[in-house]
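Read from first to last, the chains carry the letters A, B, C and D; within each, the first residue is number 1.
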Amino acid sequence: MEESENYFTKPLNLFEYEQQAQKCLSPMVWDYYASGAWDEITLRDNHAAFDRIKLRPRVLVDVSDRHLTTTILDQPLQMPLLIAPMAFQCLAHPEGELATAKAASSAGVGMVLSTLSTKSLEEVAQIYYSNYSQTPNPPLWFQLYIHRDRNLTRALIERAYTAGYQALCVTVDAPVLGKRERDTRNQFTLPPGLQLANLVTISGLNIPDQEGESGLFTYFAQQLDPSVTWRDLEWLQSISPLPLAIKGILRGDDAVRAVECGAKVIIVSNHGGRQLDGAIASFDALAEIVKAVDGRAEVIVDGGIRRGTDIIKALALGAKAIMVGRPVLWGLAVDRQAGVNHVIEILHNELDLAMALSGCAKLEDIDSSLLVLGN
Amino acid sequence: MEESENYFTKPLNLFEYEQQAQKCLSPMVWDYYASGAWDEITLRDNHAAFDRIKLRPRVLVDVSDRHLTTTILDQPLQMPLLIAPMAFQCLAHPEGELATAKAASSAGVGMVLSTLSTKSLEEVAQIYYSNYSQTPNPPLWFQLYIHRDRNLTRALIERAYTAGYQALCVTVDAPVLGKRERDTRNQFTLPPGLQLANLVTISGLNIPDQEGESGLFTYFAQQLDPSVTWRDLEWLQSISPLPLAIKGILRGDDAVRAVECGAKVIIVSNHGGRQLDGAIASFDALAEIVKAVDGRAEVIVDGGIRRGTDIIKALALGAKAIMVGRPVLWGLAVDRQAGVNHVIEILHNELDLAMALSGCAKLEDIDSSLLVLGN
Amino acid sequence: MEESENYFTKPLNLFEYEQQAQKCLSPMVWDYYASGAWDEITLRDNHAAFDRIKLRPRVLVDVSDRHLTTTILDQPLQMPLLIAPMAFQCLAHPEGELATAKAASSAGVGMVLSTLSTKSLEEVAQIYYSNYSQTPNPPLWFQLYIHRDRNLTRALIERAYTAGYQALCVTVDAPVLGKRERDTRNQFTLPPGLQLANLVTISGLNIPDQEGESGLFTYFAQQLDPSVTWRDLEWLQSISPLPLAIKGILRGDDAVRAVECGAKVIIVSNHGGRQLDGAIASFDALAEIVKAVDGRAEVIVDGGIRRGTDIIKALALGAKAIMVGRPVLWGLAVDRQAGVNHVIEILHNELDLAMALSGCAKLEDIDSSLLVLGN
Amino acid sequence: MEESENYFTKPLNLFEYEQQAQKCLSPMVWDYYASGAWDEITLRDNHAAFDRIKLRPRVLVDVSDRHLTTTILDQPLQMPLLIAPMAFQCLAHPEGELATAKAASSAGVGMVLSTLSTKSLEEVAQIYYSNYSQTPNPPLWFQLYIHRDRNLTRALIERAYTAGYQALCVTVDAPVLGKRERDTRNQFTLPPGLQLANLVTISGLNIPDQEGESGLFTYFAQQLDPSVTWRDLEWLQSISPLPLAIKGILRGDDAVRAVECGAKVIIVSNHGGRQLDGAIASFDALAEIVKAVDGRAEVIVDGGIRRGTDIIKALALGAKAIMVGRPVLWGLAVDRQAGVNHVIEILHNELDLAMALSGCAKLEDIDSSLLVLGN
């Protein structure tokens, strides 16, 4: 998108970013980003779950001065938003994770860098913190996939700690990769020039080309460890200098167990509908988990959030913050860092406006009475 | 529409008025009138909520003599209908609010004039009352947006009282304006020649032109007061020589509070789906509010009413009257005052027929047993 | 339809009859038959209500010998089916009600002749009974609209009794006519040559031509009596030598009252979705009414029945028989008496097959355990 | 499908097999396989019932070593899958039931041969067991339609026993054949060269040609016995050297009765939506039947299963195994035995992956807590 273009080609909302991004991306990349597992039932249901719940706004509250700031693990957020970990962001734009980090950092929102990033975790941290001369700063977390090679896993944690990441986001819903049939059809792999920036130097690992299958699917089958259990989480907890955020929880009992293992954050997620198709929409799982956690950890939810009103609904059910994934990629594809910043700005403005219209001057005013809940 | 045209080009119902109006109006005006906030979920749900509830008609009741008359704040209505406050009616037709007032007055239904009218409140009152030499007459109310400039607010109230308005309809669901993306895209503003007839003379205020945004959105951000609270309502109550009708209530607790502040009428409304998208359909909020108010004020509902059967359903849940907005504009656009009169006549005839077919000779016969309610 | 046409142009089911009939009929007649009131919500919901309820068939029941026969008011039916009263059948085919009567009589199903028939009640009775030399025969009933002119009403009853009709079917859901907008648009009236065969000779009444309105709508407004109450039903009961079947009941309390007035049959009906749009689907109203009547009268249901499985569902909720309307007209339009006979035959075969597949050898075996009911 | 074709023409899932198969088959055969009874409501609802129920996956379970093996009647299954009995498989490919048997046997899944097979039961058994030199082997069952000619029925049982079939699958939901209107329209019958391989030699029976009707419908009416009751089941139990699996149960009370008659397996089925249209989806009937059987027999469910996640859902409700029908025919039509093997492989891989993503290493780990059930 040329900067000189008319202002009004600029998308007004996240759905329009999605439409424009599709035009910017190759079919293989679009499919990789946009698709979900199998019949994509959960992919669709994630957003639909928000639309099913209606709001009960309060009136005549002084909302002249709105505060969207909050904290997660005691670090400040300009709004209750973190950018979800997403692999291979250089597919969207050559600046990839660096552009995303610049946007997140300048906007004061959190970012979770994927193990499978196409820029190294050190580069990303440097960029992210360049906006901040001192603590506290908004949170930069490192998402960890536990590889079969535990030394590799341990090395990643150490590097992340050294580079200044402030929490480990451990993804637990991917013992194997979900089946995204579009990727199989496309024999998805990384194009020449892109690589697993965190892994290639220390392990030589890369996404394979494979006939008749997604290279990422094969990578997971070969490198990721499907035998990981709660004991491994305890092990991680014991060796990690960083607090743990457990991503991919959809049941209250699992949330309790994660808390008992020492997790400080529970991320309610079905991996954007990309793992087990037919899994409950993450928003539909949120209330059970908030209740089970009972304040012993902070709860984040992701999946299907496209509007400021979706954020209000998530917070009303007890989430401390939310994560957004694909829309950030659409912003990146459409207009690099500026696109990501605009996506964040849209969500900020929508949340701000939705709070004003709901009678909430600050995030603490958002309670479950704002929702029409079934009985 | 030429009067000489064939009778059957005349719309048969309010949906047909909408279709014809779209052809009469410029895209910018059509969009301004027709659109809702964000994804327009509430806009659609407002009408759908009525269709979801089914009727249980009584038979073998003498319905030869039907009475649709009622009162609101002790003023007579030929049917339980008021015309909702809507800004800028001269966009639909140059005669604007004057044509609407003539239609409402001649039909004996209520009218609520918007603060943001394009004809002055004095002109409108004069036209409205020209049909009536003495009291009681059908109610003419003035809708009040509380501006940051409290002197302006006070001046409007005094002018409304002086001009003969009989209640103040205080809109409380618009501390800021909802985001209607079509208006943003169109950079909605008033065309040359139209102005804020109530404000321009005393304050010089007008709707700005602004690149990349709806001028009305900007107007609200600049002029309206988002800090208004229940205390301001008490202040209004203390200074107003007119009874207050509070418009934009969607919760029982807010309705109770409004009553405690002295409100005589509660208007259950989500602003036609134009403020907080995802808000509960106003019909779905009605029962809770009627129960909470418990007879201490009269309850009006608006939003999505397009058929006489919708009116019956609203009354069956305890509304004293209903308000209709957009269809009045469609009538105005299609055929000036005659169009508005015809829209009112259609609703009158539909309500009359629906009452006959439901076994209700008068409005008091409409009770909740007419509805199939969930348990 | 030429008799020489290939066998397979013959419709296989009632939906195909509807499609073929639309091709046979003028738009005005098609619209008159096919349409419902206002938005046609109830028209659509009538059939959808059946599809919403699922069946729980029994197995390993001896169904080699199926019995579909039953009685209504002690008169035999070859299957639990009566042809609903429908006006103006000569619009579908010049033989009109006579062809229908021949078909019903030869199939051994009931028929209810409309007050507004285009063949006289005497002609129809003669044809109907020509298949029967002695009693008991299947029931032929006369449907009565109570006209303002009570002498006319009384004369119709006397003629019906004299001609051999065996019950009066009193329609109570039409104090005024429902608004079928297609008829208004078409200015529906009877074409030259057709007349109200029961009324023209004794009263000179006919359906008027009227600009901008359905002639039938005007006829009702002028001739039918909207002041009829339960007292008039008691009067009818007192003067009628025939038992009363009350048609158009949708509430348990009204059903009880009809029984207390002496009614022997309650017909659960919303007039095929042609009177009060938004009224509950007749199938959805059935269970409440069966419970309220508690065996003191026989219950019939009509509206939306298009398949043998629909009949099973109605009987499982306690209906003694069902009525079918429009499909009979489609049969008449497509192939005169033979078409009506085929429509009846299709329903017979479908009910027969559905019973076999549900484990019901006779109608008494059909109970509510066949249905998946909500709790 | 030519073996030389590009790998990627190979279907990725069972829905793609269906699409490719439609291109391979004549309209008459496609319609025969694909259609359901009457309005095909149950046909559609069978699969939709699975999509309505959402999953609650567990995380951090060691799923590195998945076991999909189970048993049915103590015989081993490589996965909880049997191929449902389906008539006339030579319509899909000349190798018909032999290709299916080779595929099932080599994959180690069960197969139920239809009475109405186009290859003789002896040929099929020989092929099936050729992969196995000793017991236990995966189950090969014979599906029995009880013909009016009880000697024929008895002869079929004896032949099945002699040929090595290990259970009798008695179909009880077809006292008469359901009405599949596409077959009526097509006058469905077997093309020259195909015959009822199990019946032609001993009884000379074949599917007739009949004008205006499905030949199979006529065959059922003439040859099958609609008088079969629970006593006949007792008789079968008394004469059969093989255990009985009762297919076509949709009610708990019928399941109990079947168990009391000695049945060892209850197959919850509505015959793929081909018998009583409007019958409850088999998945929706499963829980009631599992509860009623209470462990006294093994429960199988079929109908609408197209994904590995569907299998998980069925097992979570208590099914011991599931049966799949039409997709096997699509595999057969597209690529003979290889197609059937691929269909089985897809289901195996999907179930395997779905288990991993649900936190289930073995089938016993699948419990009802995996499902979001209403209350």
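Throughout what follows, a contact is a pair of C-beta atoms (placed from the backbone, for glycine too) under 8 Å apart; a residue touches a chain by one contact, two chains touch by 3 or more.
The structure presented is a predicted model; accordingly, all values stated were derived computationally and were not measured.
A.B. asks: Taking each chain's centre as the mean of its CA atoms, which one is farthest from the centre of chain B?
C.D. replies: The most remote chain is D.
A.B. asks: When chain C meets its copy chain D, do both sides use mostly the same residue numbers (more than half shared) or mostly different ones?
C.D. replies: Different residues, largely: of all residue numbers at this interface, under half are found in both copies.
A.B. asks: How many Å are there between the centre of chain B and the centre of chain D, using C-alpha atoms for each centre?
C.D. replies: 61
A.B. asks: Would you mind pulling out the distance in Å between where the CA atoms of chain A average out and where those of chain B do?
C.D. replies: Distance between chain centres, rounded to whole Å: 43 Å.
A.B. asks: Would you mind listing the residues of chain C that make contact with two or more other chains?
C.D. replies: Within chain C, no residue touches at least two other chains.
A.B. asks: Could you list, by residue number, the parts of chain C that touch chain B in their complex?
C.D. replies: Listed in rising order, the residues of chain C that touch chain B are 38-39, 41-42, 45, 172-173, 175-176, 178-179, 181, 184-185, 211-212, 225-230, 232-233, 248-251, 254, 257, 275-281, 284-285.
A.B. asks: How about chain B: which of its residues touch chain C in the complex?
C.D. replies: Against chain C, chain B makes touches at 7-8, 10, 12-13, 51, 53-65, 307, 309, 313, 350, 353-354, 356-358, 369, 372.
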